[in-house]
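You will see chain A twice below: alongside chain B first, and alongside chain C after that.
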Partner chain A sequence: MTPRLFELMLWAAGATVLISAVSILIGLAIGFLVCAARVSRTRWLSTPAAVFVSFFRGVPLLVQLLLIYNLLPGFGLYVPSVVAAIAGLSLCTAAYQAENLRGGFMSVPKGLLEAADMVGLSPWQQMRRIRAPIALRLTLPALINEAILILKASSLISVVGVVELTRMAQNLAASTYRPLLFYSVAGGLYLVINWLVAGGGSLAERMLKKERA
Partner chain B sequence: MKRRSVVQALVGLGLVLGLPLAAHAQDALERVTSAGVLKVGTETAFAPFDFIDATGEHAGLNVDLFGEIGKEMGVDIAWVELPWDGVLPALEAGQFDMVGGPATITKARAERYRFMPPIAEATVALLKRADDDSIQKPEDIAGKLVGGGKSSAQLAQLKAFGESLPGGVEVREYVGNNEAYADLAAGRIAAVGNSLPNIAYVASQQPDVFAVVQPPFGTKSYFGYIGTKKPEDQKLLDAVDAAILKIKADGRLAELQKKWFGTAFDTPDHVTDPAL
Partner chain C sequence: MLDFGLIIKQMPAILAAFGVTFGIWIVSMLLAAALGFLVAVARRFGPKPLDWLLRAYVEVFRGTPFLVQLFLLYFGGPYVGLSLEPIPVALLAMTVYGGAYFSEIFRAGFEAVPRGHVEAAECVGLTRAQILRRILVPEMTMLVLPLCVNMAIVLLKETAVLSIITVPELTLVIGVIGSQQYAFVESMFLLALFYWLLVELCGVLGRWSEAKLSRFRFAPS
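== the complex of A and B ==
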């Protein structure tokens, strides 16, 4: 492999990381909102949130991407390739992250909240000082898991015209007739990226534990 | 309560999706010339028409020919790269102005899309392993497992040809032609059916691995670029059409064909009645 081709692989790995990272963050923000709506006692908040989760968790990501890229322009909404990719990944991961967070919030012991009521903490204070910290700690491993899943699922976004790591490996394997080499390099790069993500996750977990002690 | 929320959601969805429909469809030629960019959708896995070369650059007949078309029209070319099965849906969705595949001109496609003047011949031939002596002529694939690119006109021709042989052939469909070539090299299939320009190029790049089985078979067909039949696209496609014919008339197209296929093709200016 020439340095130039390896540079192209690294560039494509960068595209994979950047698009995945942006999608995971946007997905986390949407996930928070959806989770909040989902646990709300108001029906007109919880029902759409439940529909959102069941749709984006129930339809394959590949189909979602094709729908966003090919269907929305039919309604006059032009969606460029990168936007379609980020939208598809974000909405998909938001559905999973909303459920992860919901699990976290449900696990906050009721007794803690009753005690908080007793000492007169407002709902916002309870959220900031009790519920959110506990839920975040509980869902951190699931969030890291989800981040790794999205990094790997991002190989699908080539269907909406974004060249990422897998697509670049396919292209270069085809032009050099050396598929083994390029797929091995792609696999290695994914592995390194995901090690870093997992390592960052463990570090964050340890820091949260220390903070608590 | 529950029913009302469903109705509210539907009304909201209708508003979001329906409003932009009222937007006026702008003429494509005006849009392209004022932006100075012609957007072309393609798959970079179709050597020698369109591929990433060994130095990592986007190359092929498409890149050169659209370079000339861009010069004629005074616009830059912006490429959008997708897997082939995503290209035509995205064209209809308006993600780009036209398709630089190119695609084989067939009756079914010509009904739905507008084809530009042919740029090469697309008749099917077989690619085999160079060391495989059991295939000397196309008929020798009878009873063997062969491959072709999914949703390609050549695949349909290959299947029809296979049915005409005693014992038939088993045809395996691949997402891309390159995967089929890789399986052929690995010995998983006996031959790959694709257009002669494509496989002649593959064999010329790897003479130790691949060889072309002569002669081509099936119906004579041609490759052309694709646009839509939407009224707002027609003026733009007329301009592209005229540019290609000019490039063909002054010999530039023949030069590019020689550069990429090793030979020039005698192609008609328009295919009005595709044989396929």
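== the complex of A and C ==
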């Protein structure tokens, strides 16, 4: 492989990382809202949230992507395929992250909230100062795990025509007749990215632990 | 407008495709579980170098996208004398991919069995095979059951990816019918609904079997 081709692969790996990161952040924001709706006592909030989570966790991502990609023009939304891809990835990861966050929020010790009540913190202050920081800290390992899943799942957006790592490998493999080489390099790059994310995650966990001690 | 009638007319083809999806799912799940179990046993009882080798296998197949593994096997295979039809490629790729995940499930299961139980078994002179059969497997079964159900669902959803290498399974066949009839969105919607139902059913069955088998749960020590 010439350096020029490897450069292309690296550029595509960057696209994969960027698209995944954006999707995970949007997914986290949507996941927060869905989680809040899911634990709400009002039925008309919690039921749709439960259906949302069940649907996006129960349908293969590829089918979700094909659905969203083809559905958007039906609503008159002609967006670039990368936008449809990010929308699909975000909705899918939002469903998983909502469940992770729910687990995190449920594990916030009751005593802390009672104490917060006692000292007169408003519900918003309790959320900002106590619930959210503790729940986020508890869900950090799950978030890292989700990030790795989305990095791998983002290979599927090659199907709707977004040029990321898998699509680039596909293009180069087809034009050079060297599929073994390019798919191996793509796999290697995914592996390196995932190692970096996992390593960064455990570093962040250690730092948070130290801060607490 | 949505027109599901077009799709209902194609029912025989859809049922055949469902057969392919279901068959590949069940067969590759069983093979992957068997492979994962062997890998977990080899890593626990085998020599150190074998453990390293298997660890590399698990890391690589868990760390790379299934689609890339599939492409490597399907498009790269012929260059090393491995020219396979789409369905055998699908079975092989799903088995090797799932095996890596199953092996981690079983490894965690083995590790969750209290050390004292294994030591006691060693003291009374049980062989390794006996320890595996009489102590490790029965004690871990209830622990790994929910994880195995989860993995079954992951593999079911992964079968949709097989459409990309032209395995005639549900996603491919319904997609083709949808484009031929100019009813792609309707057909994808129906497809999503179908996977959703199957996954929910899987979850219900999993919880039901857990409840049924819960009396076999050993007391955590």
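Basically, the second predicted complex is superposed on the first by the 213 of 213 C-alpha atoms of A that agree within 3 Å, B and C clash if a C-alpha of one lies under 4 Å from a C-alpha of the other, contacts with A are read in each partner's own complex, and residues count from 1 in each chain.
Heads up, the rule we're going with is that contacts are C-beta pairs under 8 Å (C-beta built on N, C-alpha and C of every residue); 3 or more make two chains touch, one makes a residue touch a chain.
Predicted model, so just to flag it, every value in this text is computed and none were measured.
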First, second, both or neither for A:W195, with chain B first and chain C second: second
First, second, both or neither for A:N70, with chain B first and chain C second: both
Touching partner for A:S54 - first (chain B), second (chain C), both, neither: second
Which of chain B and chain C A:Y78 touches, first, second, both or neither: first
Touched partner set for A:R43, first chain B, second chain C, both or neither: first
Which superposed partner A:Q170 touches (first chain B, second chain C, both, neither): both
Partner chain(s) touched by A:L5 [first = chain B, second = chain C, both, neither]: first
First, second, both or neither for A:V159, with chain B first and chain C second: both
Chain B versus chain C as contact partner of A:A29, first or second or both or neither: neither
Those residues of chain A which chain B touches in one complex and chain C touches in the other: 66, 70-71, 74, 158-159, 170, 173, 179
Residues of chain A defined as touching chain C within the complex: 54-55, 57-64, 66-67, 70-71, 74, 148, 152-156, 158-159, 166, 169-170, 173, 179-180, 183-184, 186-187, 190-191, 194-195
Of all residues in chain B, those that touch chain A in their complex: 1-2, 4-6, 8-9, 17-23, 41, 44-45, 47, 51-56, 80-83, 86, 89-90, 92-95, 176, 178, 182, 185, 205-206, 209
Chain C to chain A touching residues, read off their complex: 59-60, 63-69, 71-72, 75-76, 79-80, 153, 157-161, 163-164, 171, 175, 184-185, 188-189, 191-192, 195-196, 199-200
Partner chain B, residues of chain A touching it in the complex: 2, 4-5, 7-8, 43-44, 47-48, 51, 66, 69-78, 81, 158-161, 163, 167, 170-177, 179
